[in-house]
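To keep things clear, I will list the structure first and then write my remarks on it.
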Amino acid sequence: MKKLECIIRPHKLEEVRDALDKMDVHGMTVTEVRGFGRQKGHTEHYRGVEYKAEFQPKLKLEILVRDNQVAETMKAVQDAAKTGKFGDGKIFFTDVQDVLRIRTGDRGEQAL
Amino acid sequence: MKKLECIIRPHKLEEVRDALDKMDVHGMTVTEVRGFGRQKGHTEHYRGVEYKAEFQPKLKLEILVRDNQVAETMKAVQDAAKTGKFGDGKIFFTDVQDVLRIRTGDRGEQAL
Amino acid sequence: MKKLECIIRPHKLEEVRDALDKMDVHGMTVTEVRGFGRQKGHTEHYRGVEYKAEFQPKLKLEILVRDNQVAETMKAVQDAAKTGKFGDGKIFFTDVQDVLRIRTGDRGEQAL
Amino acid sequence: MTTKMSGARRWFPLAILLTLMFNGTAFAQAPSEGPSPADLKVMLDTLWVMMTAFLVFWMNAGFGCVESGLCRAKNATNILAKNFIVFAFSAIAYWIIGFGIMFAEGNSFLGMGGLLLSGADNSPATGDAYQGIFTSLNWTGVPLLAKFFFQLVFAGTAATIVSGCVAERIHYKSFIIFTLVLAGLSYPITGHWIWGGGWLAAMGMRDFAGSTVVHAVGGWSGLAGILILGPRIGKYRKDGSVQPIPGHSMALVFLGGLILWLGWFGFNPGSTMAADPRAITHVAMTTNLACCMAILSSTLMAWIMLGKPDFSMTVNGALAGLVAITAPCAFVSVTSSAIIGLIAGVIVVFAVLFFDKRKIDDPVGALSVHLANGIWGTLAVGLFATADAPGGGANGLFNGGGFASLQAQAIGTLAVGAFTFALALTAWTIIKLVLGLRVDPEDEERGLDLSEMGMEAYPHDPVRG
Amino acid sequence: MTTKMSGARRWFPLAILLTLMFNGTAFAQAPSEGPSPADLKVMLDTLWVMMTAFLVFWMNAGFGCVESGLCRAKNATNILAKNFIVFAFSAIAYWIIGFGIMFAEGNSFLGMGGLLLSGADNSPATGDAYQGIFTSLNWTGVPLLAKFFFQLVFAGTAATIVSGCVAERIHYKSFIIFTLVLAGLSYPITGHWIWGGGWLAAMGMRDFAGSTVVHAVGGWSGLAGILILGPRIGKYRKDGSVQPIPGHSMALVFLGGLILWLGWFGFNPGSTMAADPRAITHVAMTTNLACCMAILSSTLMAWIMLGKPDFSMTVNGALAGLVAITAPCAFVSVTSSAIIGLIAGVIVVFAVLFFDKRKIDDPVGALSVHLANGIWGTLAVGLFATADAPGGGANGLFNGGGFASLQAQAIGTLAVGAFTFALALTAWTIIKLVLGLRVDPEDEERGLDLSEMGMEAYPHDPVRG
Amino acid sequence: MTTKMSGARRWFPLAILLTLMFNGTAFAQAPSEGPSPADLKVMLDTLWVMMTAFLVFWMNAGFGCVESGLCRAKNATNILAKNFIVFAFSAIAYWIIGFGIMFAEGNSFLGMGGLLLSGADNSPATGDAYQGIFTSLNWTGVPLLAKFFFQLVFAGTAATIVSGCVAERIHYKSFIIFTLVLAGLSYPITGHWIWGGGWLAAMGMRDFAGSTVVHAVGGWSGLAGILILGPRIGKYRKDGSVQPIPGHSMALVFLGGLILWLGWFGFNPGSTMAADPRAITHVAMTTNLACCMAILSSTLMAWIMLGKPDFSMTVNGALAGLVAITAPCAFVSVTSSAIIGLIAGVIVVFAVLFFDKRKIDDPVGALSVHLANGIWGTLAVGLFATADAPGGGANGLFNGGGFASLQAQAIGTLAVGAFTFALALTAWTIIKLVLGLRVDPEDEERGLDLSEMGMEAYPHDPVRG
């Protein structure tokens, strides 16, 4: 199993979720994060001083998938989350050694 | 070393922590997340329209443990976090290659 | 590629970011978390009762780097984040199997 | 007149001051006897008018809290700023031309004169003793500046209503320009018809504190804005169903709701513009009872229809009851006010559902509250009015007065609605062509706080340490 | 009377109106002389009563802010909604039966009549000139509706106190039903005993603005609710120690605290129900000083006992001082008010610790504030009262009056406490059997906002884009 | 006097009460005629003074909201607590010694007597009829406690201004001690010079409601504190550039701004201390117009200079306009008030930039608002004053009065500034040596809520379930 982590723009969540709905993806976990990268920070103003707010609000999705779902899931997320402008975010994945479903005690792919 | 990630119900935190306290687990890091899965979203109402709030508030615990602690830790968390209803969450773990304690520079299991 | 996760004190963010700026690190993702460890929780008071707030506010930085950057990045973060007191936090890293840049479709180290 | 008294707070002995004001009549009395009863009444009325005007001013805070609470955090600074600045701009516009158009002598359609409050005026003289250009306000015995200040806070209210309708998608500058049109031109013109001695007043239309003059006018202007702006991104799904966009803080909604309720005790009872014991207590009573009844009915309606006692409907219900009783508060009995409120609470729930179904995206329910119930309240005068109430005048339909009053109310409602809506549509269209109205979709999604204001409402703390 | 004046805001010339009201005496004067001194006094008193009633109404916002701020975010909508709706339901119940029970003629225990404000009444006539069924209010020269409105906002306060006690675990509907019992029945009955000319009044018990009538009554009702509901899940650990459950917003607590403090300037000085210069300034002074002194002592107590100046104790201290001075504010000297406040601040700190030790889980400290200090304030009259104060009457123990007054105060405290507590226990029990009282443990843990209201207080923004 | 009337709310018949107060003159009249015109005027004036004092009291909430909103969440409880407690401590200090120093007989520099309000006083007698030690307040016909209460809420305001300047880095206890010095000593002394019949009053300096007496005094005290404390960690980068530290809630800033605006309708119009129709309406008008104009100019300045309509500048602009019009509100024409406000809005923007450049770290802009515009408003009297305004007195420079008035204003500004700044520097230095002033850097970074108060403003909910 793999854990996909996707950093996306907040307002893309709905579209990404709809895209995953159409695939065999059972769930995900979403975290509000602040990102910093190539995307120029926006300018904010505060009491007469202009400043760069370098951290952009982003969402991080964590999605556990079977190994054979990785490619299509990445593609689905990319398609849904892409705007083509700096700051669209990244998708990366790591190896997950085992999963347990708390409710039932299921392990491995059963637990997804 | 392994990193356990546990998605649990928010109000189970105290019990989980108490359970870990009894074991040789030195710390953890908690993040507020929103989860989406088999658990039916709750119904909310807003200005006359009923809608599904599909994302449930959850907590994600990240716990670094020695390899030989994985099994018992998972069990302890599961026991404490289980209600038996949809939405209890998952526990999964990944391989951690090295750890460094910022304060001392300790590495590896010393740093846990 | 590796994903470094750094748990640091919130007010150290600026310094850490400045340190990374000087290196070839293109971005990071920051999450507000609550940590629990050796650092004694602070005492809070509420309506006449004193209690331990065991969870300390921390920030978690996630930084994707090339394999050969791991050592220097860890050092840079450590130097910037260290105060020498309990609660400075940890840095640990895991193996990342692939990265995709949503905007361009770049893969692997290209996508960092 | 010792050195002690020459301090900054030294005050002209009141007797002299009053002399200056009331043509010397005060002098006839021995100074030790204090002011004359007529003078005392002017003082009392002025106190009442000013204190209630302060309460109405305070409603600006209420509108800001309710509106921002019902919108998303990413637009909160923008909405708060609109609500803050709208009163300042309205005040300036109303001072320069609005008040003159509304209350100065002129014809049945328009007051002419009174720019910057200039022109003859011997207020607080009343009735036939009044000599000046604001004859339509000669029924209240307070100084001109009290009249102006009281009317000003009402004009500000009308402008504020619009800000809720067009929330979360309009350019800040475009909204400000529209505010000037509304407070300087549109509101004063229709206000002249009803309160300034214009043709609707002559026809017998009655609107005690402004269900039509203030609330429906704000609502019609907002409706025009909504139609030209279109719904917010994401409000309606492709299948046509509604995707609610919850506001970010019920605490702000709660606080705003109670601020408005409090403010209405200035709005309605203050509209007596005189410290008249019977009238102000009657109006406070009807105002409060209508509000309570509307809370009851809107909460129950929501509970029954949806299974949960939707709190945003409770607050909207309260406001609906208050808007509805605004026109009739001095003309109807206490019992009638309860009925008017009960119905208002039902209307607001159905109006919210109706506007949603029509894809008229009104983020804070301003149309359901101010437009729908502004109309209802205006018509209610024609139904429930009784000559026994302190406001007096003709009986309504249910009290044996026949259709006369109801007809006047209906004509007034239609005329003001048609005029205001047409003028607003025109104004919005011109502003759209010249300045643009709607922010870019990308900016809308990032939120207006960053794109328009350059300032988040709740900047993240820990990230900056 | 030109066409201009036939507008909606045309107002009956005041002279005529006054004539209607005051049996034609106004006519005896030449109109140019304005209203008579007696009329002017009615106007003044009505202004004062209405403006202070508005301030008391505003306390609803204060209670809502303090209570929601001291509770968790997951229950915030629920608590805010309770505080919003409680006034509406109290108002309706008090209008229908409560006011009559409290102030209409009847016997020593109960007023009988006055349903829906019906019955003879020639207010604002006072004293022997008064003819009507609300004789117990014949000492204030304002219209009946002013009397009602002022008393109504007090009834609402009593009901609001309960909502804090039972917060975070009670069914919304069950709370609403209890509100009706409290505002329609319980509060008016004991109110009749003290303010309605009942047996405690006859016995010489004095409670100027309601330390017992309002605050202790609210406290006893809440205590009964707490005992039947039990503590919130997680408040007491298995080892019996207290696990504090911090509220979610000190900003709301701050704002609520100051709203209440402001409102108390209506509550106490307004209870003169007359624009009496000496009395209202004295009462404002004692009220404010007691509050400041209680802030001082509660903050210092917390600082010394706990090492930190617990801000929630500072706010509770302020409210404690205000509750304690409510009964004696017009009967004691300025210096005595300082002492009463100092002691109130100490009482509130110990009361919080005491109730916690007894596992009486009172989320917002309502018992420590309203019950403990309601009792203290009532007894303080018997200790500190002085005939020199504007309220006059018998001296208290410390001013040479012996135990007479203290005894009356103590009997009143006990009698009202016993009756209210018993009635509340009964009511809560019946409601529990019929409707259920406490939400499911699972719902309690998810929060009442989702389970009861179906609506979060602070919906997450980014997740929905 | 039946048993019914012996209830707790029994009230001495007003006639008797008034007799006690006004030396029996009431008795000359037949009781049925009601109070005398002189009595009625006392009632009216007292009503006005008390209601406006309540509004000024309410400004405490406004300061707390604005200041906490402009600071970070980790310091919010601390700032809210400071704003809550500062009024209590000021009130006690002002009651004990402050009021006497300010208004009791004494010499040109200091009042001597009046401790705890003791000393002869026959208020509400005015002018030559007044016999007592507070002669400098004999121009207003209200009871002594009304005078005290009104002056007290002003003293509290001065103290509150300082809390914003020293926010986010000062020890709680050290701030409280300074408050006692300010409200008990510093503010009363300079207040005596101008309002207490001291040397500046004798010289002809005029400050109607306190641009200098209250605002500049608060500002100078805060400036001294800032200079001794130094900037917050992180405010200025190593390269000297400014790193803004955004506040945590624009909703609080919005609400606080409107609360203060509302409160100013008590602050300025209430400073007539008499229900004088012409004066209070004039002052309300100039106050409001200056505020609106300053909103206009500060918003446009920010928009033009920075490209975005910085909302915090809009709010600061509003407050700047209000501070600036505080001294001249009764002495200038409506048109002049518009100009004064316009300039105030420009001043505040440049002042913020100036203080930032000078590395004077004023987290909430209190210096730019209260100090810079306090000075501007005081000087504006010397420029724009006109004998035609209700406050009367000498004409200013632009109305042909020459430099006489301007010179008095300038001397007053300098003298008060120099004295206050020197005294504050001394006080801060002593407190620093004895108690310490600044929290540890580590505590500053964790936030004062944890280190000083032991209590977070917004405790995290989900983590505790």
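For reference, chains read A, B, C, D, E and F in written order, and residue numbers begin at 1 within each chain.
The criterion applied here is as follows: contacts are C-beta pairs under 8 Å (C-beta built on N, C-alpha and C of every residue); 3 or more make two chains touch, one makes a residue touch a chain.
Here the structure is a predicted model, which means the values were calculated and not measured.
Each step here moves to a touching chain, and the least such steps from chain B to chain D number 1.
With C-E and C-F as the two chain pairs, more C-beta contacts join C-E.
Chain F is reached from chain E by a rotation of 120°, derived from superposing Cα atoms (nearest 5). For the pair chain D and chain E, the distance between C-alpha centroids works out to 30 Å. The centroid of the Cα atoms in chain A and the matching centroid in chain F are 52 Å apart. Chain centres here are Cα means. That of chain B falls 18 Å from that of chain C. Multi-chain contact residues of chain A, defined as those touching 2 or more other chains: 11, 14, 30-32, 34, 44-46, 50, 55, 94-95. Chain contacts: chain D has residues 36-37, 40, 44, 47, 51, 234, 246, 249, 255, 306-308, 310, 312, 445, 453-456, 459-460, 463-465 touching two or more partner chains.
Taken together, the chain A residues at the contact with chain B in this complex read 1, 3, 17, 26-31, 64, 94-103, 105, 111.
Contacts from chain C toward chain B in the complex involve residues 2, 6-8, 31-38, 54-55, 58, 60, 74, 77-78, 81-95. Of all residues in chain D, those touching chain F in their complex are 2-14, 17, 20-21, 32-37, 40, 42-44, 46-47, 50-51, 53-54, 57-58, 60-61, 64-65, 68, 76-77, 80-81, 83-85, 87-89, 91-92, 95, 116-117, 124, 142-146, 148-149, 152, 172, 249, 252, 255, 452-459, 461, 464-465. By the touch criterion stated above, chain E contacts chain F in their complex at residues 36-41, 44, 47-48, 51, 55, 72-74, 127, 135-136, 138-140, 194-198, 201-202, 204-208, 234, 245-251, 253-255, 257-259, 261-262, 265, 269, 271-282, 284-285, 288-289, 291-293, 295-296, 299, 306-312, 314-315, 318, 327, 334-335, 390-393, 445. On chain B, the positions that touch chain E within their shared complex are 9, 11, 14, 34, 42-46, 50, 53, 55.
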